[in-house]
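Here you go, one structure.
Each chain carries a letter (A, B, C, D and E) given by its place in the written order, and its residues are counted from 1.
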Amino acid sequence: MTTPLLETRNLTITFGGVIAANDVSLKIEAGRNLAIIGPNGAGKTTFLNICTGWIKPRKGQVLFQGEDVTALPPRKIVQRGVARAFQIPQLFTEHTALENLLIAAAARDGMRNPLIDLHDTPARDEMLHLLEMVNCADVAHRLVVELSEGQRKLIDIAVALALKPRLLLMDEPTSGVASSEKDGIMEILITALAEAKVTSVFVEHDMGIVQKYADEVAVWNAGNVQLRGAPAEILEHPDVIRDVIGEVA
Amino acid sequence: MLQLKSLDASIGIIPILRGVDISLQAAETVALIGRNGAGKTTVLRTIMGFTKVTRGEILFEGAPVTALHPPKRPALGIGYAPEDRRLFSAFTVEENILLPAQAAGLDKGETRRRLERAYHILPELKAMTDRPGGAVSGGQGKMVALARALMLGTKLIMLDEPFQGLAPALAQRYAEALRTLRDTDRSVTLIITESNPALLRGFADRTLVIERGEVAAGTLDAERTPA
Amino acid sequence: KPDSLKVGMTTFLTGPASVFGVPARDAMDILVANLNDAGGIDGVPVEVSYIDEGAGAEALSSEFRRMVETGGADVMFAAISSGNCQTLAPLAEDLKVPNFLWDCGTQKIFEEHDYKYVFRTQANATPEMLAAVIYLLKVKPDFKTLAVVNQDYAWGRDSWDIFSTALKAMKPDVEVVGEFFPKFGAPDFSTEISRLQALRPDVVLSTSWGGDLDTFVQQASQRGLMNTSTFVLPLAESSLERLGSALPAGQIVGARGDHYFLHPERRDDADFKAFMTEYEEKTGSVSVYSVFHASQALAALKAGYEKAIADNGGTWPDKDQFVAAMEGLTFQGLGLPVTIRADHQGIEAQLMGTSVQTGDYPFATLENIMVFDGAELTAPVGAVSTEWVGALDASFMDGLSISTFDK
Amino acid sequence: MNVTIFLLALFDGVSYAALVFIVALGLTLIFGVMRILNVAHGSLYAIGAYATVSLTGFALSMGAAPILAFPLMLISAVLVGLLIGGPIEVLLLRRIYNKPEVLQLLVTFAVFMILEDVQRLVWGTQPYFQSAVLQSLGNITVLGVTYTVYQLILLPLVAVALLLGLRFFLRHTLNGKLILATTEDREAAQSIGIDADRVFLLTFIVGAILAGLGGALASPTTSILPGMGADMIVLSFAVVATAGLGQIEGAALTALMIGLGRSFAIYFWPEIAVLVPYLIMVLVLLVRPEGLFGSPAARKI
Amino acid sequence: MSSVSTAPKTDAPKHPKSMLWIVGVVLLAAVPFAVPSLQLLVTFALAKGLAVVGVTVLLRAGQVSFGHALFFGIAAYACAFLMAAIPGADLALLLLVGTLGALLAGLCVGLFVVRYRGIFFGMLNLAFSMIFWSILEKFYHITGGADGIRLPRPTVLGMALERGPFELILYYLAIVLMVVLGWVTIRWFASPVGQIFQTIKTNETRLEYLGVSPRRALLSGYLLSALLCGVGGVLMGVAQGAVTPEYVWWVRSAEMVFIAVLGGAGSVRGAFLGALIYEIVRTYASAYAGDIWQMLLGAFLLIIILFAPGGLIGIFGSLAGRAVKEDAK
């Protein structure tokens, strides 16, 4: 069979007694959208942190397209085609929304001419389009400090997309996004990803979204994958209902 | 008990809120909804005194607080849980929760009582009392911020997207807990901003919709809250 | 004949060296006022304006330039800092403005370059240090060990070079047991002093000045170092009053020339007396060597113009006539007469003494004073000081003409 | 290396370190809490010294006992803190907390320049020296070397006392906690009822008092003259950086390293003495990029 | 930093404001004939201005260096030693060697300091400048210690010149360098590389997650800043005719930051404007206000920061803006 896009083997890490990752072994196949759900503090973000080299596991490896990237710093992993949108948006707050994307594009394309204006880079239209995709075209020229939490979340996702990754990791993409817009945005997002053949892994607390957009669901608990399977069956699973979803779904 | 009278507020030089009129009865629960960037957070921050009020005034229990020095406001009995958690990483979770009480100079007994109340509503926190505030997960952080708001919030509690990032099971449990809190302690008024009204269904007495810094639709009663 | 003679003087009004700069300015104000009351120079009043050397090199040179080019300064007095002298001397030469190096000590200037417009109206480091060495050898011939504590900058280094070269030449058996160069403006010398107490040298040399010297002497006397070692302090004359009772008797004190408010050969002179009293009334403290240096610059100006006028058949000279007159000129400020040599270096007598607490003053004064003839201690025209000094030997001391006074 | 020399160097190092620490302490506190590198600290230090000298001189001329200088030192320090530190915070710094840090740095730099000239206008250019109090404590002779009790014993004691005192204040008092909270997040602190303005004012005044105290305690040992503040400030900056942001224990340890490093240098390699603080800083930061006691600020993501 | 995003736009030629700048440069060019007494002062100011631009570059990344005088001094000393080695060396050669010297030093120091931020970055730079300073003091036999060494007048394209014409040439060289290097820096700020460099100020995590090494990004700007300081140092040394350790003394580094903020933190034009005004205020204050020039300077800075945080450039900008509007009417 083909090598999985991302594979982790026995990832383990603890923070002062707290087990954040407990022997996590997971294969992520290209082309399928994996949703990660689980109670708070289960280790979802930590998992993304390890996969992107932000923290080093005490034990275990991360393989991206078969290559061991465990020891690499985030930028090296990103250069290999992994992009990430964060649970707490990470943006250049003193640049405008558009500039944030243009800079991402520049980082992606490599910055050749040191004297051309960032705003004149060819990627401009593409980036404006991305902003529209996440309903932020209207704030394209506002500084990020001036934006609301939800707006930042969305732009953070757009920045990750701007990198044209093979694998996109999103940490609670829709949390803080107004419910009226969640659906629309996910819709556009997922189709765009499909077109661009981008595999996505997203941590999500909104089961509606999971149900609708995930090809597969992994349930995290106490630092490890408790269950994995198709959304339909997982979301019916009693444990999941007890620990994650709650009675009235 | 709280009134915003035709309020204009700006952040820096940029005007955000325009002619906001809100008036809350004691002990009612109001949901503040609206799309991203509508101005929900700004309303709360304005009540806390972190924006520049350019017009109109704020009355708390009849007394104007528009010009009141921000740090004096929590002492009036206002608890505020900011959207972006804002925990003090140098302190443990419990210290984070206790700090408001200590700053307000509450006596030991009272502080205990309120701490108990917080833990009663958020039992999950008991497990992580002495973890550094900087070392909790996103959702855990929201819980701590919530608990911290409960410490001083004897009259008014303002929660900015309290359920954001919480696993649904937990979120429901909190909605429950808040309800019980409100039912047991009839004096508290709750303002909850939420971009996901479903959770508040049958819980908020009223829903205010904010659009581009203005209170758009008037009040709708709980039953007709849009899902 | 101009209606006034404009002089620009650079001096430290700010920074540590203002302990010299400010007294010099005060003195200059007094002297110029007196000179003008007495009819100025051949009827022409002198106007002095000041530039603060503490304001930094750029401000200094652009201001120096402005004064010469548009400020109409006829003669410049610059500077106190040797560094500034090295920057300004070539500038003055290019601007073709007569410039008196009125206080800086570095001997390099005239030994490394020839100047037409630049003169030094006082001695340089060589005679100043030689006088100290010889005085030491005369009053304390049989000391064995010596340690030095100098400020860590050009003056501290150069003066030590000359002193040690001379000492090795004239008394090769002396052992240098410690060399310390604490940073300029160091607030504390405790460690050096502990070290010295452990080393117990017979003699401790320090050419430091201002606050550094005060601190060093104070801490040394507090901790009794001065009971075990003799201090040689070639610049201590400028600190006598401030040190008060902290400077015990028996330490060797110099004055960068024959500068001493109780100058044995001058103190009975009426003008000298008059100035000293006037200065003390105006400033509340006794004069220090920079005051003498200021007076010499002004005296040189006066004498120079008078000579030039004479040479010019009684009419006011132009710049070049004045410059020509300066060479070989002899003039007298508050100290003994000074002569400008062919290489434009001033020949100035040197005065050394030993501290004593007489009770006449609330601070140490000098006894066993020696006044040296500057000509004998200055490297001959064309010679490089360090080489010349290195070539000396013990016999050099015997040939010297020295006038001594017990106080 | 023989033991006597070693011990002597040790003594010298410690007594020097004590003074360095006392001066750097206030700076560390202010920087740790307000994130402002207070250049004016140097002037406060100098003015503390000048004030002490003047007051003591006056008292002595009134025929007071030298020992009276100690209360006078404290008084001068407090005066400096209240009369100069207070206004600086209220009138200047308070207006620019929301501005970039470099602006805050520059404001204190401007204040420094102004105060430098004020000193000269008030106290003139001639150095002062007032060591009556130091002499009144007398000397002790160790291993044949005479030390002043003041430098060898008193200063280190004061330093230790200040260290423990401030430590306790920050760790175990409510005000201390409020200060720490405000340090991390001004708005969050206000939203839970902490009066950030008050906290900052308090901190700055305490820091200023410590600066003044440093000057006061230094005054009997050194010439008081224009520009004395400048050198002290650079040294203190080095201490603050080496210590790690606002780490007072770090400051203590750094001061000790600098003191010992300096004295051993003077004993065995005088030429590098002046470089010691910088070499120590470079070496420390090489192994601990966040300073001795500093810890990397983990960004939440 | 909105100035970042708007800076390039206001550069568009024929924009009335940038016309004003051209006028400014022309006025400067007229100085030697209009007010010759200012010529040397302006030369110094421009030399400093170039160094200040160097500091400004780093300010754009939120980093303050307390030791950039190091590169200023290294370049100047490189020239002085070159002149000693090759008497009558050419100005062009000095410029080249001095700048390369600074660049090289920038690389060595840079590789080390880019690992640090904030006070650590600032103080490490200070440390290196102080280390170099005391080397200059210690090896006084070679460096002349605190008195420094002379930097005799170099030839210009082979011609040995008198001071008068030489300084005139130097003056215009300074103006040309200001225009060229200023323009390059502004373009660089607006360029992708420059923009990435500036993101260091706000979020290195995101930068890392864009696949860019923050240290590499910082180094790029650090080298530019060292180069600018170097050019400034060469001009200053040659104009002064002597170099002293004062060139690398921390006070000078502080002065650079001072001017950068005075002119308008982060603004290239502000750096030069600031340097000019600073030099004038300082020189005349010390000439006429005797011994309180420091106080005046300090007060001046306070007023600027408190009432015009945009710096002189901000004031100028708004004035110009108004002027332009008036023209429009």
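The working rule: a contact is a pair of C-beta atoms (placed from the backbone, for glycine too) under 8 Å apart; a residue touches a chain by one contact, two chains touch by 3 or more.
Note that the structure is predicted; figures quoted are calculated from it, not measured.
Traced through touching neighbours, the fewest hops from chain B to chain E number 2.
Of the two chain pairs shown, A-E and B-D, the one joined by more C-beta contacts is A-E.
Note: the chain lying farthest from chain B is C, by mean C-alpha position. Averaged Cα coordinates give chain A a centre that lies 49 Å from the centre of chain D. Here the spacing of chain A and chain B, counted between their Cα centres, is 29 Å. One inter-chain figure worth recording: chain D and chain E are separated by 32 Å, centre to centre, where each centre is the mean of the chain's CA atoms. Centroids built from CA atoms put chain D at 37 Å from chain C.
The set of chain D residues touching two or more other chains comprises 117, 120, 271, 274, 300-301.
Of all residues in chain B, those touching 2 or more other chains are 138, listed in ascending order. Residues of chain C in contact with at least two other chains: 13-14, 18, 152. The chain pairs satisfying the stated touch condition come to A-B, A-D, A-E, B-D, C-D, C-E, D-E.
If you check the complex, the residues on chain A that touch chain E are 52, 73-76, 78-79, 83-84, 90-96, 99, 102-104, 106-108, 111, 113-119, 121, 143, 159, 163.
If you check the complex, the residues on chain D that touch chain E are 31, 37, 92, 95-96, 99-103, 105-107, 109-114, 116-118, 120-121, 230, 234, 237-238, 240-241, 245, 271, 274-275, 278-279, 281-282, 285, 289-291, 299, 301.
Of all residues in chain A, only 15-16, 18, 37-41, 45, 87-88, 135, 139, 146-151, 154, 171-172, 175-181, 205-207, 242-249 touch chain B in the complex they form. On the chain D side of its complex with chain A, the touching residues are 300-301.
Within the complex formed with chain C, the residues of chain E that make contact are 36-37, 40-41, 44, 48, 137-138, 140, 144-148, 150, 162-163, 236, 240-242, 244, 246, 279, 282-283, 286-287, 290-291, 293-294.
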